[in-house]
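There are two complexes below, and they share subunit A, which is joined by subunit B in the first and by subunit C in the second.
Now for the complex of A and B:
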């Protein structure tokens, strides 16, 4: 029992990271009907920006005492850098294809993904790097469960960011515009919404969340490399599909389920199947409920 | 008209076969193993590109699991050869004439079974997902490719994480290009048939095609299964050439590479796929010195191509005989 609860806690912190990535997938899909394959690589770039920022900060602090302030600086810096990256990608690669068949945009997304991975290998080097220690790891125990302060930081940060996103999407003018555009580009355009700006904003938002996930994963599992985005990207994407792609709460629930499923597989089956469980879930969803847990069936118009 | 077309196809096929046999016996021993390997990879990539083009370019269904089918076909045929056919052949003895007949026969059986295994997997994945529209096929094929990989990785019977070694070397230059030619012929003739026209109609507008009485799901599944079959055959050819299989050669990246062949060559153009597969197999060999830049150039090329010439190199056009002087051979 205590092992089960322990795995659950581990799963939730891993799932929170997946959920943050899944949000970017689902928002972009909701608005553009595009699977942004490059999203997992934005997460990778986020982790690497954090790596360099963290090293600079740790070097600057002569006492080399990791502090929570450094964590926030790294988090903010990386989110900002990836927000910019997201904007540039949307502007240069996806916007010219707005009117093109969706297949073209999908292939472009794959191209961008490969480009980021390979440029990453050239610029950062292909060898795994140790993420700098931003927060000293300590263990906390509550009752029968033991967890690290890192897990606590991961979960709390993810919750704060998700609440922030919820606020932006539901309480601000831009969020309202995002929801309008996801219903209909044409109609919202006629209502005076600048569609291009809204789409750019969506990419910026999603990329910033992916960067946050990259930093959190750096704290949690401090080995980063330029190909680290592929698997979590796919898993987060499956999480988005599981929750119903295009649905924001769905992505969060889907991410948490994926994380828990993965740790339970590692704990009770074998770690060799940790990646396979993702795709088993995917196939099951596609077979039994292709619209996902929270998705609604969209009626096709002829 | 029809009669003349059939005669011409037969004539070209006979000529092609003759050229292959002659080349296989004269050129191949002459150029040595390195260039032979490059040629064989060109042939295998042509099969992969043309078969994916049927799914992606003609039927318009985005499949990114071609490497998965390839792995399944490769491992199935390799296992069959290794555990059943090779011991059987050893029982016959290894005389010059006996092996000259029995090896190609064994390879044919092995490739056929590998192709059928891949086709069956295609059927299982295709039926539930091709009913749906949009990106579900992409997601499902991606998942399937990874599942196949993980399952193989955990199957000790075929080597698991160590890789499958000691597969008999039966693949020859002639075989590869014979099957590449067959693949091209099948796809070409299919496209010119009612079935093929229906597939193109599905690609252009699924609703309109359905309104014309086309069973869209059946057509899509058919194209998908046929494409998977040839991918399985290609996997079998690779297995019996390299004599070694490892799941690392069938990752998501391999699938993407095949997509790149189709997209750069031009979706819906067999000629384009053949050219792209050929050029993009030679290019990395020529760029050996710039290994680390190769994939960067590759991916940048893909993006630039999509932005500037989304219809690909050939843009759906096909090779015409009138491009060449009459009487010249194919390719």
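Now for the complex of A and C:
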């Protein structure tokens, strides 16, 4: 029993990271019907920006111990940098293809993904790097469960970001416009909404969340490399499909399920199957519930 | 009367399909002008081009925000993107309504006011829309997708009014509505016009359209086949046979 609860806690921490990435997939899909295959690589860039920022900060305070303040600086800096990256990618790669067949944008996304991975290897080097220690790891225990302060930071940060996203999407004019554009580009244009700006904003938000996931994974599992975005990107994509692609709460639930499924697989089967479970879930969803847990088949009849 | 909108030799194509083949006409400030025509004649294409959703291949669309046709420098709507056309004061109720089914009634109306920042004015117009359509007031918090067809049409009209347009384009507002609702919608159109908004009304319900508007145009395969005062069109043999179903 205690092992199960333990795995559950581990799974939720991992799942929170997948969920943050899955949000970007699902928002971009919702608004453009595009699977942005480069999204996992934005997460990788986020981790590397955090790696360099963290090293600068830690070096600056040579004697002092790691601090939570540094964590926030690294998180903010990386989210800002990836927000800019997302904006640039949308502007330069996807916007010119707005009126082209959807397949063109899909192939472009794969191209961008390969570009980022190869640039990453060129610039950062192909060898794995140790993410700087921003917060000293300590153990906490509540009843039968033991968890680390890092897990707590991962989960709390993810929750705060998700609440922030929820606020933006449901309580602000731009967020309402995002939902409008996801329903119909034409009708949104007729309302005076500049759909290009809304789409840019969506990429900015999604990329910032991916960067946050990159930082959290750096804390949690501190080996990073330029290809680190591939597997989590794929898992987060499956999480988005599982939740019902285009659906924001779905992406969160999907991410958590993927994380828990993975740790339970490691705990009770073998870590050999930790990635295989992703595909088992993907196949099961496609077979039994192609629209995902929260997805609806009823698309707008326009 | 001063001209608000002037369309000159407009050609619009979808690839090889030539949907509009040289259309020219004017809309006077304060008027109700109707455009009737069979399915596929190019009516929606015309409205979509005015709104900036489609680019003309040839020709231009001129617009005088203050209706000074000729005396003042016009704005070339045909050069603008859809969101900028709205800012100039031209709103559209599109064919099939396309209300945001995933937003609440209130949020739909807020999106109609997207270009505006004057909170007080927006609240005032929200009240005006509620007074036009009390049904919407009852359902303000409801998801717009749960509305009936008639309520959706009211929402679509209300949403377009929220930008406080000078020119309102309506694409088949009576489509799919019961006869009673059709009467309501047309009464509302008259009321909106009475409050000073110029209206360009596309309809297949030729009888209602010709009895509501002052000037009418008959569109046939992308060209204007007939035009004139509605009172004359109502008595034209061609119109009566083809569009009013009389012999």
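The definition used in the following text is that the second predicted complex is superposed on the first by the 296 of 302 C-alpha atoms of A that agree within 3 Å, B and C clash if a C-alpha of one lies under 4 Å from a C-alpha of the other, contacts with A are read in each partner's own complex, and residues count from 1 in each chain.
As a convention for this text, a contact is a pair of C-beta atoms (placed from the backbone, for glycine too) under 8 Å apart; a residue touches a chain by one contact, two chains touch by 3 or more.
Just so you know, these numbers come straight off a predicted model, no measurement behind them.
In the overlay built on the shared chain, the residue A:142 is in contact with neither subunit B nor subunit C. Applying the stated contact rule after C-alpha superposition, one finds that A:194 touches subunit C and leaves subunit B untouched. Looking at the shared chain after the overlay, A:282 reaches subunit B, while subunit C stays out of its contact range.
When the two complexes are overlaid on their common chain A, residue A:93 makes contact with subunit B while staying clear of subunit C. Shared-chain residue A:1: touches no atom of subunit B or subunit C.
300, 302 are the residues of subunit A that lie in the contact sets of both subunit B and subunit C, per the superposition on chain A.
Residues 173, 176-177, 179-180, 182-184, 186-195, 300-302 of subunit A are the ones touching subunit C in the complex. Contact residues on subunit C toward subunit A in their complex (touch as defined above): 48, 51-53, 81-83, 86-87, 91-92, 94, 96, 98-103, 107, 110-112, 114-115, 159-160, 163.
Contacts from subunit A toward subunit B in the complex involve residues 33, 35, 93, 96-97, 100-104, 106-108, 110-115, 117-119, 121-122, 230, 234, 237-238, 241, 272-273, 275-276, 278-280, 282-283, 286-287, 290, 300, 302.
Within the complex, the subunit B residues that touch subunit A are 60, 62, 64, 128-129, 132-136, 138-140, 142-144, 146-147, 150-151, 153-154, 207, 252-253, 256, 259, 263, 267, 292-293, 295-296, 298-300, 302-303, 306-307, 310.
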